[in-house]
Amino acid sequence: MKVAVFRKAHFNAAHRLHVEGWSDEQNREEFGKCNNPHYHGHNYAMDIKVVGEVDPITGYVIDMKYLKDIIKEKVEDKLDHKNLNIEVPEFKTVNPSCENICILIHTILQEALGKKYEVTVRLYETPRNYCEYPAS
Amino acid sequence: MKVAVFRKAHFNAAHRLHVEGWSDEQNREEFGKCNNPHYHGHNYAMDIKVVGEVDPITGYVIDMKYLKDIIKEKVEDKLDHKNLNIEVPEFKTVNPSCENICILIHTILQEALGKKYEVTVRLYETPRNYCEYPAS
Amino acid sequence: MKVAVFRKAHFNAAHRLHVEGWSDEQNREEFGKCNNPHYHGHNYAMDIKVVGEVDPITGYVIDMKYLKDIIKEKVEDKLDHKNLNIEVPEFKTVNPSCENICILIHTILQEALGKKYEVTVRLYETPRNYCEYPAS
Amino acid sequence: MKVAVFRKAHFNAAHRLHVEGWSDEQNREEFGKCNNPHYHGHNYAMDIKVVGEVDPITGYVIDMKYLKDIIKEKVEDKLDHKNLNIEVPEFKTVNPSCENICILIHTILQEALGKKYEVTVRLYETPRNYCEYPAS
Amino acid sequence: MKVAVFRKAHFNAAHRLHVEGWSDEQNREEFGKCNNPHYHGHNYAMDIKVVGEVDPITGYVIDMKYLKDIIKEKVEDKLDHKNLNIEVPEFKTVNPSCENICILIHTILQEALGKKYEVTVRLYETPRNYCEYPAS
Amino acid sequence: MKVAVFRKAHFNAAHRLHVEGWSDEQNREEFGKCNNPHYHGHNYAMDIKVVGEVDPITGYVIDMKYLKDIIKEKVEDKLDHKNLNIEVPEFKTVNPSCENICILIHTILQEALGKKYEVTVRLYETPRNYCEYPAS
């Protein structure tokens, strides 16, 4: 009997959208004010969804305290109060778009939780713009 | 690598629920106070979901500025501050229920964005009543 | 020992902004699309604030069930699913702006609750535009 | 043409997490402060999703007033202002975890609405922890 | 130059409304289902407001990390996952109404922060019912 | 007859907390991870409150379209997608704490709207930390 459990979490970070190898003009045209070389920032919010079997004794899919701690250790400590372009190695050459940050968080958490669980990450860049991976 | 991106938008409109060809009594019985001939109204809110491939260079599924502008031009300009029954041709003979408005918005945006993208529309009639098309 | 208690409530209504005695052109200029003669509508949300002494035995300023019922009977039943311009006598000659609706709700509830309580009404026309009377 | 409609509802209840047949120590270790023998409580919030065909005449999947009444009668009246462990027979021997409460609500509403509709229940134990059944 | 800073926090607790010295019947009549002898519960949410002078060098009214820790230590650790009637001494003889819990939290935090700051507590019993002390 | 009207608005920016003239160590000790030299960022949200007399004919305190445009032109265009420390002259020597940004926005809007109106600014740095100036 599969149930989905969700945990909300968040981090605050600076970033800019920028493609290495493109001219400044091309970058400005594509990304507009999001390309500002001095960076801007967001309160990123996450809904982490974990699908798994309900334990017939405890009634848990996963201990939410354990899930909260994993998110804190693997995702928040890595991204919170950081400059994503400069301080997060994965974004040295990859553009830290909402989509790419979402995929990175998914990779990290799916590996941390193992194949017993199916992880989906919803990432809010603002309360009006957000993304989800994998897409259902 | 498919990712879903979402954009929130909104419009305010008047409507009444009413089936052409039914008697006034039958309409009142079915739709209650929502059948008020003088209309009532809502702050409709939309979550527009667009699923597509992430561009390997930009990290975008779609330019959110472009998506925002399409929603503004095709949906908000058509529905905002309007009387849905009187001023929106599609609802001359179709009841502007939450479901039917949702289907209309989906038709408009799916056509505007093309087959490269899969669109889903969630439409909030109130913060407590909402619908989604296509249903997952 | 004075405490403020708050109750949220809501109603859905149609309205248009329009000054009797002004020309159509003057009305359009002042109120723009809010002047649409076919009406538009909103999900109005209210935060009703009531300040009073805490009863030393019950620990209540006012029975929240009683407050909820008063709001239902005096405000929701009068305004919900209505056309404010046509069906609410107070707006026959007064423009149903957010400010004027807020003042009306305050008058109704302050009278219903009596001088023992100080009422303040916050009225959301949309989640982004709202008003409060009396102003603090 | 299948559309999903959603209705939000809520109830407030006390509970504790506890497995009958485990020692007090084992229960404390597994469930921490959620095992408090004097109980704690939550404002549970539900998003009830109902998928079905849109009626071609009314434009309804289901009458939302009917859905609201069913949720009130079958779920809220059973769970609101109750102690889940003591007063809800289903949790005499089953741990009232978010997952198990969600499955119970699903069973009740799917049976009440019948096979014509596909029900999904999202249950918020807190605004940060929630679950969904069946998992998509 | 006085500025108000606010910090949100929360705790989950069980309680019942009950006046010692009243008959069971009188209690049931006054408090309805909130008088349930088996308790019910809430996700209480707080907005803690602290008014003070802005430090001309740091630009802080108060270190928000310090405020967060004080709220955690003095309020959350005392009330979270507790039965307010049984486990919080202040409510042995005082009814744990929203108003009385709000006043208690104010007393605790005003004393912890000292006269340099003016504390106001807004306490949400549910997202629809809340109170504030002192009342403005 | 004075009424308060409110308009929500928002901007996204990068910043760091840092006092010129303090050693790096002193800055790190006071501001912790908020002192990160590579910056972090936020989705700042504002509630702009304007108190004034209700116009007896229009029922407006102020035209909300005009207020929205003033906020856009004077505040959003100045702060949105900017690095507050580097690109906003007022923060060259003043620490861009939530309090100081709030005071700056108040100064700008009070001057733009004139003495006829009393402006109050609430600024959310995150959904959990916010401030208000002037303090009531």
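Each chain gets a letter, A, B, C, D, E and F, in the order it is written, and its residues are counted from 1.
Throughout what follows, a contact is a pair of C-beta atoms (placed from the backbone, for glycine too) under 8 Å apart; a residue touches a chain by one contact, two chains touch by 3 or more.
Only a predicted model underlies this, so the values are computations on that prediction, with no experimental measurement involved.
Asks: Would you pick out the chains that touch subunit C and also touch subunit D?
Replies: In this structure, the chains that contact subunit D and also subunit C are B, E.
Asks: Could you tell me the least number of steps, going only between chains that touch, from subunit B to subunit E?
Replies: 2
Asks: Taking each chain's centre as the mean of its CA atoms, which one is farthest from the centre of subunit E?
Replies: B
Asks: In terms of contact pairs by residue number, which of A-B, A-F or B-C shares over half with B-D?
Replies: Residue-number overlap above half with B-D among A-B, A-F or B-C: A-B.
Asks: I want to confirm something about subunit A and subunit B. Since they are copies of the same sequence, is their interface symmetric in residue numbering (over half shared, so same) or not (under half, so different)?
Replies: different
Asks: Count the touching C-beta pairs: is A-F or C-F ahead?
Replies: Of A-F and C-F, it is A-F that has more C-beta pairs in contact.
Asks: Of all chains present, which has the mean Cα position farthest from that of subunit A?
Replies: C
Asks: Determine the centre-to-centre distance between subunit D and subunit E, using the mean Cα coordinates as centres, and give it in whole Å.
Replies: Here subunit D and subunit E have centroids separated by 28 Å.
Asks: Taking each chain's centre as the mean position of its Cα atoms, how many Å separate subunit D from subunit F?
Replies: Once rounded, the distance between the two centres reads 41 Å.
Asks: Quick check: how many Å separate the C-alpha centres of subunit B and subunit F?
Replies: Result: the chain centres lie 34 Å from each other.
Asks: On subunit F, where are the residues touching two or more other chains?
Replies: In subunit F, residues 127, 136 touch at least two other chains, as defined above.
Asks: Which pairs of chains touch one another in this structure?
Replies: Every pair of chains in contact is listed here: A-B, A-D, A-F, B-C, B-D, C-E, C-F, D-E, E-F.
Asks: Quick one: which bits of subunit F touch subunit E in the complex? Just the residue numbers, please.
Replies: Contact set of subunit F toward subunit E: 17, 19, 30, 32, 94-100, 102-103, 127-136.
Asks: Help me check something: in the complex, which residues belonging to subunit D touch subunit E?
Replies: By the definition above, subunit D touches subunit E via 10, 12-15, 33-34, 36, 38-43, 80-83, 86-87, 126-127.
Asks: Would you mind writing out the residues of subunit F in touch with subunit C in their complex?
Replies: 1-8, 51, 54, 57-61, 63-65, 136
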